[in-house]
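The structures come next, written out as structure tokens.
The same chain A turns up in both complexes below, where it pairs with chain B and then with chain C.
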Partner chain A sequence: MSSLGLQIMLVGALVGISSSFLGSFLVLRKNSMLSDAISHSILLGIILTYLVIKQTTGPLFIIGAALSGVVTVYLTEFITSTKRVKNDAAIGLVFPALFSIAVILINVYARDVHIDIDAVLFGEIGFIWLDTTAFLGLELPKSLISMSIITLINLAFISIFYKELKLSTFDEALAKALGFKPILLFYSLLTLTSVTAVTAFDAVGAILLVSFMIVPPAAAYLLTDKLWRMMAYGSLISLGSSVTGYYLALYWDVSIAGMMAVMTGIFLILAFLLSPHYGLIAQEIIRRNQRFANEERALLVHLFNHETSHHQNEENIVTALQEHLMWNGERSRNVLMRSLNENLIERDGEVLNLTLKGRAIALEIMQPWQKHFLNETNLNSK
Partner chain B sequence: MSMPNSSHEPNLALHVEDLTVSYSSKPVLWDIDLDIPPGVLAAIVGPNGAGKSTLIKTVLGLIKPAAGHVYIYGKPYEKQRSIVGYVPQRSSVDWDFPTTAIDVVTMGLYGRLGWLKRPGKAEKQQAEEALTQVGMQDFAHRQISQLSGGQQQRVFLARALVQQADIYFMDEPMAGVDATTERAIINLLRNLRNQGKTVIVVHHDLSTVTSYFDWMLFLNVRTIAQGHVNDVYNAENLRAAYGDKVALLNQNPLSQNPGSALEPESTP
Partner chain C sequence: MPDLFTLLTDFTIRNVTLGAMLLGVSSGVLGSFAVLRKQSLLGDMLSHAALPGICLGFIIVGSRQLLPLLVGALISGTAAALFMLLLINRSRLKTDAAIGSALSFFFAIGIVLLTYIQSNPNANQAGLTSFLFGQAASIVPTDLWILGSISLVALSIVLLFWKEFKVVTFDIQFAATLGFPTAFLEIVLTSMVALAVVMGLQFVGVILMAAMIIAPAVAARQWTERLELMVFLAALFGALSGMVGAIISALARGLATGPVIVLCASFIVLISLLFAPNRGLLWASLETQRQHNALRSRQVLGNLYKLSLEHKNPAYRVEESMMNVYYGFNTRGIFGRLEARGFIKQSSHMPEEGRHWELTNQGMSEAKAFLSSLGQAELADV
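Right after this comes the complex of A and B.
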């Protein structure tokens, strides 16, 4: 593996990891699309800052450009607060406006600057080695260094304010009532989102950032019930997407940043299908088990209701199941087999009888108050 | 106007004067005067849109009033945060949030911890005790979306209990819970009251007001009536708060179940 490849993969992973920390909170706040809005409108910040300070690097440039992201959020919130436009529509109004102003400004004032539209949209992660600087005696791409710094800043912010961010995201009213500043935290989070977007702009451009910022946390959300794990899994997915995306891009000779973004999507689909609790397959298994359990309970209740009646010999026989419960042959056979296996019923010639275990389950369904009254004082009963 | 450092009505748990709140141009609360003495279990009752939740949120500084002021044990809320517990409506948060029951209860302690300090062993233990108080100790590490509505409400209560406040504000803690949980909750609230704490509850079920509470406020944008339940809960005030919807109550104003004459109130 060339050190060049390693550097590209590292930059991709750092974009994903630094974004996943912030993106987790955006996903949970249902503000995912704000990151897309920010990554588009920073183009306006980039071009305006360039026109003022005539450079495209350095902290001053990053802060100036990031301001436009914060302005986007502020405008969106302002338009929403008028209650004339819904939040998603407000986002749709603001960022295309700022983005299109930026495009016009580039056309008018920055013709002589090389701003390639492909680079604006998708970034040039494959060409990060064109712009290097000496760091600790090594000649490293500038974007690798700046992405490392922003990853550390984001990690520090999340670690320091983890408790406050969690409370403000889960229950903003309580956060405010307890004396915290959820609005200030929200704007800090989005300021860092803007700074991250500006820093990652050279590498992944305006469009792909959203797939680094939102998709890994969204996939991680399906895999865990703990907030810090959501961020950890999001980072791992970012790393995985970066490495696999790089090699697949080389193999197929396609855009590296594009392939990395595609891989985040692939990981999301995998999580969607295979997550142990919330995945499609796990859910299907749970549903199937519930259906099986309900069929068995229906059988038990049916047997229970006719147990003492004189129709027992007509109702509680195998053939009656097909006629009375309207189950076809195969289905009633399966229900019977499962119930016999689980020792819920026993067979006495043609007649089916409840076992003790089976009767207990039927009783619980048919006469729940018996158990209920016993546990009336016990809070755990429900 | 009172002096900045002196207390205003320190003998009242809650003192609200001339409070007006408006969204855009429409007043939601209109010149509310309200006094609640310490050590009572008080209900705030009124129809949909009466401003019950808004009143609580304004008291807690979540909504800025257009006019008027609020004092809790003689001081503004900002100075009394540590003695106030809050149970918002269950529907106000996203229960799919990746967190556990005990973690949510621990959040009640964040205020005391303040900025930056992390919850430790002591906080975890207090949270466990609060969960035990509401009978949820076995569910401490359950993801919160896996809890039933009644269980979620108990987690919310535990989160307020852990604050060890002197005055509690609860927004419909009995909405959408089963009968067992409702009984458990009211027992818990009575215990708090018996310990000398003040508990103020937005309540939607008229049929239980007289049996559950000892103090009440009829609210419908303005204050209709307030005081001891026995003095205030009558047909005249019911009609003033709810309008024609309680016409049926005329025949038997203090029947066992006056709530049956009303449409059930849904949580907004």
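Right after this comes the complex of A and C.
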């Protein structure tokens, strides 16, 4: 493994990790699409700031460019607050307008603005080594250093305000009542989102950023109910996507940032299918088990209702199940097999009888007070 | 710079303008339903998700013909919509995260495919990236026929199912009780948004297409409460922004058509939000101001009356500066308006200086009417 490849994967992972911290809150607050809006409209901030200060690096540039992300959020919230436009429509109005202005500015100042439209879209994570600087005696890509710094900043923000963020995410009204400032926290979160977007811009481009910010937390959300675990899993998924995406991109000779973004989607699909509790397969198994249990209980109740009547020989036979419970042959055979296996019923020629275990279950369903009564008599007899 | 007449007779520009207007009409009409159904960002998702389809269409056909690319876009848009619906219905992810995930996953696949095409030398690949931002100038008459037919089909479907679409849009449960096939109608409405998106790809590109779905509809919504008129206005606004955008970008050579069209549409939204009668923010704030003034005037009038009552003098003179101190703001305007309506008259109170006011008979009865309407009849009866 070349150290160049290692650096690229590190940058990709750091983009994902730093964005996942913030993205977790966006996903939980149902504001995912704000990251889409921010990542589009920072293009305007980048160009305007560049036209003013004539450089594309440094803290001043990052703050100036990030401002446009905050402005986007503010405009969206403002338009929504007039109650003339729904929130989602407001998002869809603001960012295309700002993005359009940015593209027109690129057209107008084509000679001054050396921003490659391709780089805006794909990012240039494969070329990070072109722009290096000495750090602790090592020659490292600038984006690696800036992404490390932004990851630390985001981590610090989340750690310091963990309790406040958690409360305002899950119960904003309570947070407000307790004197926290949920709106201020919300804007701080989105300011950091903008700063992260600007910093990651060189590496992964504007539009792919959503893949790094929303998709890993969304996948993590399918795996856990704990907030800190969601962020941890999100970071692991980012790391995994970065590594696998890098090698696949090399293998197929395609965009590295694009392939990393695709991999976050693949991890989401995997989580969606395989998550131990919320996954599609797990849910399907749970549903099937519930159906099985219901069928068995229906059978037991049916047998229980007729076991002392003189219809027993007509009702409690295999063929009656098809007519009275409307089960087709295969279904009644399966139910019988399972019930026999679990020792709930036993066969006596054609007639089906409840076992003690089966009768106890049926009794509990049909006469739940009996259990209570039995318990009480037991107590009394002691 | 060529004048407008030569511009409009120019073959390419006429094509572009016509095409942009066609697009505006269809996206306005279809967007109206999307916006009213709170699916504004669906257009954003569908347009981003069109990219892999365009690339696949290109890879299969091997050249940049419009129809195969549009079919590809439609297919991948549909796939993304299904992916999104699956996430919404079968996972715990909310709509915003599902849209964001589907959008970024498909767009990332698109970017990967795009770089895959670029890494394989192919003479015909030029202009494929134009689908990102649109390249209206590349339009040829055959394209116009394709776009025209698609619009015609879409608009006929809307006319044909007008009643059904209307009910599904505003009250889907009611539609279901009426026996309408709601799921089918929803699918038709969603696929028509996809159709509008696909039409717009060549003009405004995948990134900005969301605005063409949302902006004309949101603008039209401000002017009317009726669906018929809203859809008509949305078509009009769409066509207008298409036409003006195409002409402006032709006049100022070098400006990308898509962003200019989007900015025109955004401008119409701004105008509508501010100036539309009833809903317009300007009218709303004027109305608030008017009510505020009316209330203040009545308060001042009531107080003048109470003061004259206290002093047992119907012609009691109140000093304006005293009222300024009492209310904590300048009452000049209020006294002026009351005077203009004949409720008070200016008078002097020598040797005191400063402006003084006393009630006229008309003002007296107005004040009584106001106080008794507040339930202070005992004051008014005196």
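Here is the rule we use: the second predicted complex is superposed on the first by the 363 of 382 C-alpha atoms of A that agree within 3 Å, B and C clash if a C-alpha of one lies under 4 Å from a C-alpha of the other, contacts with A are read in each partner's own complex, and residues count from 1 in each chain.
Convention: contacts are C-beta pairs under 8 Å (C-beta built on N, C-alpha and C of every residue); 3 or more make two chains touch, one makes a residue touch a chain.
All values derive from a computational prediction rather than experimental measurement.
With chain A as the common reference, the superposed partners chain B and chain C fit together side by side.
Looking at the shared chain after the overlay, A:Ser255 reaches chain C, while chain B stays out of its contact range.
Here chain B and chain C are compared by how many residues of chain A each touches, and C touches more. By the touch criterion stated above, A:Met33 is placed in contact with chain C alone, chain B being left untouched. Of the two partner chains, chain C is the only one that A:Phe99 touches; chain B does not reach it. Using the contact criterion defined above for the overlaid structures, shared-chain residue A:Tyr221 touches chain B and also reaches chain C. In the superposed model, A:Ile207 lies in contact with chain C only, and not with chain B.
Once the two complexes are overlaid on the shared chain, A:Phe122 sits against chain C while remaining clear of chain B.
In the superposition on chain A, contact of A:Ala89 is made with chain C only, not with chain B.
In the superposition on chain A, A:Leu185 makes contact with neither chain B nor chain C.
Of all C-alpha pairs spanning chain B and chain C in the superposed arrangement, the closest lie 7 Å apart.
When both complexes are aligned on chain A by C-alpha atoms, chain A residues 30, 221 touch chain B in the first and chain C in the second. Contacts from chain A toward chain B in the complex involve residues 28, 30, 83, 160-164, 166-167, 169-171, 173-180, 221, 224-227, 229-230, 372, 376, 378-382.
Per the touch definition, chain B reaches chain A in the complex via residues 24, 57, 60-62, 78, 81, 84, 86, 88, 92-94, 97-100, 104, 107, 110-111, 113-116, 118-119, 134-136, 138, 143, 148, 150-151, 154, 159, 178, 180-181, 184. Interface residues of chain A facing chain C in the complex, by the touch rule stated above, are 27, 30-33, 35-36, 40, 79, 82, 84-86, 88-89, 91-93, 96-97, 99-101, 103-104, 107-108, 110, 117-118, 121-122, 207-208, 210-211, 214-215, 218, 221-222, 249, 252-255, 257-259, 261-262, 264-265, 268, 272, 278, 280, 283. Interface residues of chain C, counted against chain A in their complex, comprise 35, 38-41, 43-44, 48, 86-87, 90-97, 99-101, 103-105, 107-109, 111-116, 119, 129, 132-133, 207-208, 210-211, 213-215, 218, 221-222, 254-256, 258-260, 262-263, 266, 269, 273, 279, 281.
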